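Once you scroll down, you'll see the structures, which are given as structure tokens.
Each of the next two complexes has chain A plus one more chain, namely chain B in the first and chain C in the second.
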Partner chain A sequence: MNDRYKAGTLLLAGAIGVLVATYGSLPTSTNAQQADAAWTQTRTAWGDPDLQGVWRYEGAIPLERPARFAGRESLTDEEVAQIQKVEEEQAAQRLAGAEGAAVARRSVGESPIRGNEYNSFWQDHGRPRQVSKQTSLVVDPRDGRIPYTPDAKKANERASARYGVGPYESFLDPDTGERCLTDGVTALMWQGPNGGHNRIVQSPGFVTILHEEYLDRRIIPVDGRAHGSIRQWLGNAVGKWEGDSFVVDTTNFIDRTNYEWAAIFTRPSETLHLVERFKRTSANSMEYRITVEDPATFVKPWTAVIPITRLGDDTQIYEYACHEGNYAMTNLLAGGRVDAAKKR
Partner chain B sequence: MSTKFATLLLGVLGLASSAGPAVAHHAFAAEFDATKPIKLKGTVAKMEWINPHTWLHLDVKRPDGKTERWMIEGGPPNALYRRGFTKNSLPIGSELVVEGFRAKDGSLKGNGRELTFADGRRLFVGSSGTGAPRDGKDR
Partner chain C sequence: MRTWIAVVGAAIMTGFAAWMLFPTSARPQAEGDAAPYTAPRTADGKPDLNGIWQAVNTANYDIQAHPARPALALLPAPPRSGSPGNTRATPVELASPAVRPFGAVGGVPAGEGVVEGGEIPYQPWAAAKKKENAEHWLERDPEIKCFMPGVPRATYLPYPFQILQGANKIVFAYEFAGASRTIHMDPVGDSPAPTWMGWSRGRWDGDTLVVEVTDFNEETWFDRAGNFHSEELKVTERYTPASPHHLLYEATIEDPKVFTRPWKLSMPLYRRFERGKQLLEYKCVEFVEELMYGHLGVVDPATGQRNK
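So, the complex of A and B:
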């Protein structure tokens, strides 16, 4: 797994905030659901389940199961309490302003912030991370690991090794995210800065999802039509309702396996088939389930269950004109020239 | 250090406590040199509110009296705004100490990791009002 995703998933930046001080402890997802036991699924004016609002992932669950939890699908209450304690300590460090000198210069693994190069001043710590018993987002295969093909495993290791390091000989060498293109549809609902912000808007016959980063948007017909034939970066999606679950089937991705990806599991190929299930579990929580099938990258399909959280009604999606301000592109190519000169 | 005359401290201090290479959500190690920490004291000349990262322009007076214009990479504007950061948070001309790492190519650029006002106040951290995350109140 790419370091960004390790750090991003394990130490998600948009995590801990002033609320810890305000509320005293972090909510577990179980508690959050219990609090809304009386909730029933609301409906749109035309009768569809209402999923609208801005959603993001705020969990503390790693994508793949860490080795220390091998063979276990859930944590004990004691382990949950321990993780919660760590989350609170990290929040307290941030609130005390200790993350710079005292924290951020420690190793990446120890740092409470995603990455090790920015302090929390630059990060959005608006809400506490939700601790839950789930040991990995991946629930199938049962070992909680993504079943890469041997070639994809190598590609993933290579991507991880070169992440942020290069070599950068051309504009093609940064990954698609660094190039302001996309990080792929597979992780759209739960990745991105601070857990991603996704606005779901419904109208009769359509569900639209606007992802803030790169302003990726998906306009999903829910009218029984078949897949279109045009291949696209984000594929061709068709949706349907199964009870209160919104099921999206996406195929016809364009092959971009030859591009650099921050995480190989998000790269599209012509054989990628993505099935997503959105099921609201309370006023402010949703179970988002994906099943990813692609013989170009995986030996068998895998499924992840991601709890996502609805943000307040006043939450907005903002501009993301990434290309226009991507000074990093020139900077990293300039840095690449320095590296190349040293090697001569 | 005088607050009137901004001072540039630029040195290879090393990262004695760093156990591993810096890993970023984008190409930190490609852009910046983790072995060249910088500490800049200067005045805010401009703040570029651009994606994917903000860039703070800082006028830094060298000990020899010359002024250099540094560019400091900051967090994503959307994240900053959600934290309560507005264009009034860093007025043009305000004195600031920035710590971070210098651009690999030696140009007057760096990333910003710590921001402190000249009087010692840290932005947002531990302060009320300006430090309160905006979208944290609605839970």
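So, the complex of A and C:
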């Protein structure tokens, strides 16, 4: 299951929007524009705004602002056109079967994981990513950077250095994704190793989000109840409607800061508090805003604003039987034993 | 060793606790039970099956009728004891050492079974394989490894599940292993691959939700007794509201590779109507890592020592 290594590599690289083959298809842009022009917020049979469908982040905006755009929150029209051109070229290169820099992926040579070219088949060979003026998904702090504590910054560097390298001495050494546990709730709506597909289903009193990877699932009550007291990996969420925005407040996370995480910003701790706002902006787009507060990892709260896209009605969430097929774990540990024997 | 005993033990205790609280038999409902009841309707006029449900029976131990026994894993051949000529009584069932420390907590409660007619029509080779599965339960049952439970087993595991009726899609969210199913009420293409939880197409038949489930792999079991199927399994489920607080569940099992004819199991499902009841996480992958991988690394996390 080398795809998960690749996935984590991309997470660490901050390469957002891993594009993976989608069985469904998007409406053509012309159709989408026509639909959007006439769009008004649709409602469920009981009158709530309707957010249902399969959603995914398809943008080219990185989570944190790259150094070359330091001090700038938006791009010029020329820069947007330039990035658009690159995205289109890369999409064409992918279709042509190219690898490495030509498709904006790490080349085999750059990857810490030998044989990484195997993973290219997971990636989308079609659509270019959507380009916009935003220079980072993080909008607060204004510098577009996640405000890690010094310890968390070190933990992130350590995670980067270990990734795909090890040592792998026991099942506790691979990251949570490689262990088929989760990549964390923070990036659930807009990221994911194999495409970040999410199906939202609404029923009276509940909004359910089925995230394809790791079978992650959130059943969010929308009936005014208080937070439950049981600590969980994905915390305990309560939702409410504020106008047409769906607001989710999540607390009571379990502490798993002791595990290896591919990306530190997604790890749960007992002090983690998430506030998320989902607001549909057209038939096929939604603004997803997440504010992350956790003194265990960040010196102050941070907020990201993420445009996500509704995929065609024929797009499905498929079964992600990660643990059931986790041959990687057995192989990693076998490799770890060989490494240990060499050192003796 | 200790950890996997704990894992198995936790599963046993969960089932046992449920049985202690609700020692109701799993006898299939009489034909007339569901007939007079009309389900409430959702805002869009469909029968309303929303809620958290749970089976209260011993089907997960064995879908067929079974007497109580001392443990899930037994010694295959307890030795005769005593000296020649001594007529001392001989035990016929003794717990395997792996599960013996659980005592009465690890026992298997008796059950009337949920298979209509009682018999599972295995082909001869398959009957032999079922028996072998039962003898190797501890190594083979996918529940022990936290693998997705498949259908119909997900329904009567000793954990609740939630039905969430959306527009054109109904989610079945199971607590065990966080497994989910999407029931497609609208037209959908074929499954691209075999799956653990199947590919589910639903329709309404009066008040009954009928789900045809196909595209299974051959990895899942029906229970802890080794009852199994092949990748040709097709399950037709019927969920019929029978009162404000219970559904009648029926599953017709077809698998021409394993059985000589279709057969059926049925049971009531009960609403979990405790105030504020929520489906909680049971992310058991974390619980079985020591069992599955502890001995494979350089170091065993359970002991902190190097593996030999």
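Going forward, the second predicted complex is superposed on the first by the 274 of 344 C-alpha atoms of A that agree within 3 Å, B and C clash if a C-alpha of one lies under 4 Å from a C-alpha of the other, contacts with A are read in each partner's own complex, and residues count from 1 in each chain.
Criterion: a contact is a pair of C-beta atoms (placed from the backbone, for glycine too) under 8 Å apart; a residue touches a chain by one contact, two chains touch by 3 or more.
Predicted model only: the values in this text are computed from it and were never measured.
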Worksheet item: So, A:Y318: does it touch chain B (first), chain C (second), both, or neither?
Response: both
Practice prompt. Please work out whether A:E178 is in contact with chain B alone, chain C alone, both, or neither, and reply first, second, both or neither.
Written response: first
Discussion item. If you tally the residues of chain A touched by each partner, is the higher count for chain B or for chain C?
Written reply: B
Worksheet item: Should A:L210 be classified as contacting the first partner (chain B), the second (chain C), both, or neither?
Response: second
Worksheet item: Is A:G164 touching the first partner chain B, the second partner chain C, both, or neither of them?
Response: first
Item to complete: Scan A:V275 for contacts with chain B and chain C and give back first, second, both or neither.
Response: neither
Item to complete: Could you say whether A:A283 touches chain B, chain C, both of them, or neither, answering first, second, both or neither?
Response: neither
Discussion item. After the superposition on A, what does A:A334 contact: first (chain B), second (chain C), both or neither?
Written reply: both
Worksheet item: Following superposition on chain A, which residues of chain A contact chain B and also contact chain C?
Response: 168, 180, 313-314, 318-319, 321, 324, 334, 336-337
Worksheet item: What part of chain A is in contact with chain C in the complex they form?
Response: 23, 44-46, 50, 52, 167-173, 179-182, 199, 201-206, 208, 210, 215-217, 219, 221, 225, 228, 230, 232-234, 313-314, 316-319, 321, 323-324, 329-330, 333-334, 336-337, 340
Worksheet, complete the sentence: Touching chain A in the complex, chain B uses residues 15, 17-34, 48, 50-53, 55, 71, 73-83, 99-101, 103-107, 109, 111-115, 122-126, 131-139
Worksheet item: Which positions of chain A touch chain B when the two form their complex?
Response: 3-4, 7-8, 13-14, 17-19, 94-97, 100-101, 104-110, 114-127, 163-166, 168, 174, 177-178, 180, 193-194, 197, 212, 311-315, 318-322, 324-328, 331-332, 334-339
Fill in: Contacting residues of chain C [partner chain A, same complex]
42-44, 50, 146-148, 162, 164-167, 169, 171, 173, 177-180, 182, 186, 188-189, 192-193, 195-197, 219, 276, 278-281, 283, 285-286, 289-290, 292-294, 296-301
